[in-house]
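In what follows, structures are represented as structure tokens.
One chain, chain A, links the two complexes that follow: it is found with chain B in the first and with chain C in the second.
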Partner chain A sequence: MPPDGSARPGVASKRTGPLGAPPATTAQAQGTAQPQAAFQTRGALYKFRRFLIRTGPAYLFILPAVSAMLLVHYIPMAGGILVAFKDINLFTVSRWYDAPWVGFANFVQGLDPGGFLGGRFWRALWNVSFFGAVTITAGYVIGMAVALLLNREFPGRTLVRGIILLPYITPDSVAYSVWRFIFQARIGLVNMWLMKLGIIDEPVIWLVGSNAIYAVMLAAIWKGWPFAALVLQAGLQTIPRELYESAMIDGASRWQRFRYITLPMLAPVTRILILVSILWNYNAFNQFYVMLGKDPGPAADVPSTLILRETFNTFNFGVGSAMSVVLMGVMLVLTMVYLRALRAAERGQA
Partner chain B sequence: MPTAVLERRPPGRSGKRNIVGWIWFGLALAAVLTVVLVPYGWMVSGSFKSSVELQAADVTRPGQEPSWIPREPTLDNYRNVNRTVRILDYLRNSLIISTGTMVLATTLALLAAYALSRWAFPGRNAYVVSVLSTQMLPGILFLIPYFILFTWLRNQFGIQLRDTYVGMIITYTSFALPFSIVMLRSFLDSIPVELDEQAQIDGASRLRILFSVLLPLARPGIVSVAIYCFIMGWNEVLFASVLTGTSTRTVAVGLLEYITAHEARWTMMMAASIIVSVPVLVLFSFLQRYVISGLVSGAVKG
Partner chain C sequence: MRSASRWAAVAATAALVLALGAGAAMAQGTEITFWVMPNAADVIHVPWLDQKVEEFYRETGIRVRYEVIGWDQAWSRISTALITGEGVDVFQAGTTWNPQFAATGAVAEIDIDKFGGADAFMEANLISTTYKGKHYGVPWFAETRALFYNKDMFAAAGVEPPQTYEELVQVGKRITEVFGEGSAVAIAGTNAWDLIHNWAIILWAYGGDLVDAQARRATFNGPEGVQAMEYYVDLVRLGLASKATAEYNQPQADAAFINGNVAMAFMGPWNIADIEVENPSLNYGVVEPPAGPAGRAAFSGGSNLVILGASPNQAAAEEWIRFLLRHENLVSYTRDLSKMLPAKIDAFNDPYYETGVWQVFRRGLSYATAYPPLGVWGDIENAIVAEFRNILTAYVEGSLERQGGVKAFLNRAAQRVDEALARER
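Then we have the complex of A and B:
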């Protein structure tokens, strides 16, 4: 009695599979010779073998990806957390394992709101949260408006869709360099227009000081909304047309159709979109680094730029790691709060 | 009441309102397209201006404002694009690193996605969760240990990873992998298992099934993942700013060298920006259909 005579794909491969071939034939040969005995005495081993034959190849296939991620994700992450508890500078960096343990000193230095660095860190965390709140909201609203606008047939639709994706696919450093050019005080487009409209009398310095974060916001919204529009467009296409038709028969206004059909039907897509946007936002780096340089100043500093400076200009690896561990913690907490709030909202609806 | 229905429907479809509706639609569309295209227009116009013209420009002096049409259009910025900043070398570096990342990451992701899609093995869910969770970790958290690790490997074992193509390809592959695995898995899941079984009956090995049966069917997914990996490598700034050096600097960070503390070469930077964008835009428009469906399904599911 061949115990694994089923037709499931993992088993069917036993004759041909690269790994499965030899053990399968031996097991089968012995199984036919003395079926009962083989099955009973070698039960555990047999089961293990069968498991190897069936699912072994799966492990072989994920092995390269797992080892790559182990090497470049999990081990460095563990290393990063360890380093946060060590005093590592330029001189001890090549013998990092010998560097002295300092307990939570790095965290204290990096997080103490009264200290210089800690103050900058909390300010940076606030800046990036404010930045995200504005850019994600604006990006979602604009993305939704454009997705609704394009959700009809018209000549040249494909071309228009391609054009509105341009900001999304343009490399970050190119897009933000152009915006940096546009925001230049003396030769920039923004000041030129504002002067012509009579809104300002003399050029505004956009990229230094307290205006900087708003300039970056505008550029980031310009770059970010096409992605929201893209995702929402795909979501819109999944809404059955009949829903709108029956609502129209019932006399629902355009706003009511949007409020009670479109929005609820887009809720699943929206959830993922917002979650992903929030997480990406806390990693925000490119827009600030390209438009404002290594040190955007306290009013526009974000955690990534601050940590980068502290680590690779001051060579304070321990403090940099401590701050990035805290950043990771903030992101984890936010994700959990967001997911929990969603679940609560779903329960409330049901 | 059918009459009531008929009464309510026509107003939205009557000819007059239809025309007004289309006019509004056209205006809105024009506004959207303008907002999208203005920065590109400014970039192109800037790239044809002479640096003298730009230096003389001043928004405060009427008649001297920067103009949309270059007063004396010139190709000098394109001709001299490589003179102050070695942008062509950076272009080559980016091409090598991005292509390497694309090949390596797509291959590894394909194998892993195949296993996730076709086997229910112990640890599968844990693995998927860990793949997804790496996506939400801050990049900067990895950068510091990378730097320490690379420095340590060089000093202890003489293995040079910093400022090498191999080091950058490994780094970028790791960042492209999670999203690629999730995306490819959803593509493979959509291919019926019966096809695998047929091929198995015909005596095909596991690898053979993957490459001869699934690969052609999953081509849209594979293409979009490959493009995603390439663009990721092309655009990345944070790691490139620390881990690349003179011999591997990529365009994403090299582009910033046009602006120094002493001199702002905006016109050349705009010309270089156009050159740098071309490979990405060409790749994307070439494969727009694949990439959009891939990105959307990845984003919506992942």
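Then we have the complex of A and C:
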């Protein structure tokens, strides 16, 4: 670029002010330099005002929801985290705000794998993970199969779609109470049929010890798959028919159509379904509490039952909160890992 | 459509305003809230309470709002009230709960002289209201468990009610020969929260105790404790109780006896009400709990009436307790409704308790023991019950010996109990 500034207009235009003003003669430029700067500051203000006018109402509208969430979710959660660092027990509970701070002592008591509570906590976490791995997988597979079947046209399809939701809409307390009866050793249907079929000679005790978690799993799968079916059915309906039609013209087999069209197209729905299932799973409580009682025993204990017992039976709120905080942390980490892994997998596919 | 919903909104607002107005009007007289457990079937319990509440209102002008709360929810409801200082003025508490509630500092201290003095109550129940020498509740009713037996099954097997724990096994074996495995005795298993009450009486009869006299150390893992625990497991091992017992809670065990399927059960006086409703034709008798090497022992339980410390209506609450403890009210409540025994001696001396099975419970109560009144009792009970459950679980899974036998489990429980006792202040 020549230093005298007598450049060709076309080139100079690229070097003009930040706002990309058209190239101007020197005289023009001198005349407009001052207003241009003023326009810039006014521009920021203007932008801010425009932002307020355009998005301000949006903030105003979500304000009630946000304050309600703060009030009923985040403030109590913060309180719960604070409690985890205080020595709140039987003797201090009625004046809990005066209870002494104890640092991480509650976490040590609740999480030390060598101690009684810590041992139970990690075992409970393992139990609920195992429980989730089996029930979520089974629920997904059954739900998918049923969703595929119900995606075909047949008379009475709407009725069947309603009927399969029955287990899901039955209240937990009712459904799991019935399952408890079904699994009872002396009068339960499971043992009755197993004995009639000659598979067992004497009644198996299902609801005590290491069998118990399998009994609960079966009941939970029975109760949980309709939800997967419902969500997947909704997902199936969004897949354009043309995709299948063109695949069929290309000679794709039934399996290929499922593998290369249905599954990938259901990926977003599946992702959400599995995510909420994992989150719900770590909070699993009703099925264990109703079928096995307050203390399901070490082999079937889950974090919720353990925390409830240790917190509310003996007023050891500090330790209970510490365990709850860690459980929440585990769920957050799991969610993050899961979402990242999915994103990575998607990028890999693309 | 739109105007209809607007009218609904107007009507709802109007109703709300009226309700608020009514609430304000009622607050002018004293009103107290009373939480009571389902001590009798609702069909007879609720009319009784309604009538007494009305009677009390006419007498004192104090309005009592009562709420019947199941035992399983009562603990958390009461805990919440203790922490928040709201929700209730007077509540019923199990005798073993009372010291723990007292330790929280959230229940009102009681001047027992306002309720007839310490001598007016059964000793074990009175002790259960104490914490560090002060009173935090008023005994309401007492109960103790005894051995119920099915007279028809006993006659068919040609046996007499057992007087000792040894005899119970002999009698049980004869019964199972006639009626089959598991037909001799109904016991509760892993699902029973009151498992410890049934074991404690065996432990005491064998000469053991749960904790030492100063409440410093656990003592139930000594030789007597092991013997008493082996005895409980033996009831299943020898086929006197069904293996399925392991999953039972106490009501399931009771039902097995009440239905007439099992010949013996350790039950309380409240079960008499169940029998009258469920199976009135059951031909049963009640005898004292059998004796062990150290003699007979019984568990003293029952319920107390407790006042919330933060209640602004202390005087009205005390008035209501005095009303419930009045001779005719207490006798009527225990005799006609709950089938418990009055914890007040003048009511207990009512001639009714000299008759029939009541003599048995009377004798049982004369030597019945209460647990020591400790703030950390809940931790202690949980520790023992948790390992008790593990023992029964290990037994039905066939791994009890592999895991070191009952001694290993009891040692583990004892260690936790020692830790809990160290926390008692």
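The working rule: the second predicted complex is superposed on the first by the 282 of 350 C-alpha atoms of A that agree within 3 Å, B and C clash if a C-alpha of one lies under 4 Å from a C-alpha of the other, contacts with A are read in each partner's own complex, and residues count from 1 in each chain.
The rule is simple: a contact is a pair of C-beta atoms (placed from the backbone, for glycine too) under 8 Å apart; a residue touches a chain by one contact, two chains touch by 3 or more.
Not measured: the values here are computed from a predicted model.
Engineer: So, on chain A, is it clash or fit between chain B and chain C?
Structural biologist: They clash.
Engineer: Contacts for A:Thr137 in the overlay, against chain B (first) and chain C (second): which applies, first, second, both or neither?
Structural biologist: A:Thr137: touches no partner chain.
Engineer: Applying the document's definition of touch, where does A:Gly297 land relative to chain B and chain C: first, second, both, or neither?
Structural biologist: Second partner only, chain C.
Engineer: What is the contact status of A:Thr314 with respect to chain B (first) and chain C (second): first, second, both, or neither?
Structural biologist: second
Engineer: Quick check on the superposed pair: does A:Phe91 touch chain B, chain C, both, or neither? Answer first, second, both or neither.
Structural biologist: Touch status of A:Phe91: second partner only.
Engineer: Taking the superposition as given, does A:Tyr282 touch the first partner, chain B, the second, chain C, both, or neither?
Structural biologist: first
Engineer: Comparing chain B against chain C, which has contacts with more of the residues in chain A?
Structural biologist: Partner touching more chain A residues in the overlay: B.
Engineer: Touch test for A:Pro203: chain B only (first), chain C only (second), both, or neither?
Structural biologist: both
Engineer: So, A:Met69: does it touch chain B (first), chain C (second), both, or neither?
Structural biologist: The answer is first: A:Met69 touches chain B but not chain C.
Engineer: Based on the superposed arrangement, let me know which partner A:Ser253 touches: chain B (first), chain C (second), both, or neither?
Structural biologist: After superposing on A, A:Ser253 lies clear of both chain B and chain C.
Engineer: Between 148-156, 202-210 or 220-228, which chain B stretch has C-alpha clashes with chain C?
Structural biologist: 148-156
Engineer: With the touch criterion stated at the top, can you tell me which chain A residues are shared between the chain B interface and the chain C interface?
Structural biologist: Correct list for chain A: 93-96, 184-186, 203, 312.
Engineer: Quick check on the complex: what are the chain A residues that touch chain B?
Structural biologist: Per the touch definition, chain A meets chain B at residues 7, 9-10, 12-13, 15-18, 54-55, 57-62, 64-66, 68-69, 71-77, 79-80, 83, 88, 93-96, 146, 149, 152, 154, 160, 162-167, 169-175, 177-182, 184-189, 191-192, 195, 202-203, 222, 226-227, 230-231, 234-235, 248-249, 251, 269, 272-273, 276, 279, 282-283, 285-286, 289-290, 303-304, 307-308, 311-312, 317, 320-321, 324-325, 327-328, 331-332, 335.
Engineer: Taking the complex as given, what residues does chain A use to touch chain C?
Structural biologist: It comes out as residues 89-91, 93-96, 116, 184-186, 203, 205-210, 292-295, 297-299, 309, 312-315.
Engineer: Give the list of chain C residues in touch with chain A in this complex.
Structural biologist: Those residues of chain C that touch chain A are 75-76, 79, 82-83, 85, 100, 103-106, 189-191, 193, 242-244, 246-247, 249, 309, 375-376, 378-379, 382, 385-386, 389-390, 392-394, 396-397, 412, 416, 423, 425.
Engineer: Please name which positions on chain B make contact with chain A in the complex.
Structural biologist: Checking each residue of chain B against chain A gives 5, 8-9, 12, 25, 28-29, 32-33, 35-40, 42-43, 46, 54, 57-60, 65-66, 107-109, 111-112, 114-116, 118-122, 124, 127, 130-131, 134-149, 151-152, 155-156, 170-171, 173-174, 177-178, 181, 193, 196-197, 200-201, 203-207, 231, 234-235, 237-238, 241-242, 251-253, 255-256, 259, 266, 269-270, 273, 276-277, 280-281, 284-285, 288, 292, 295-296, 299-300, 302.
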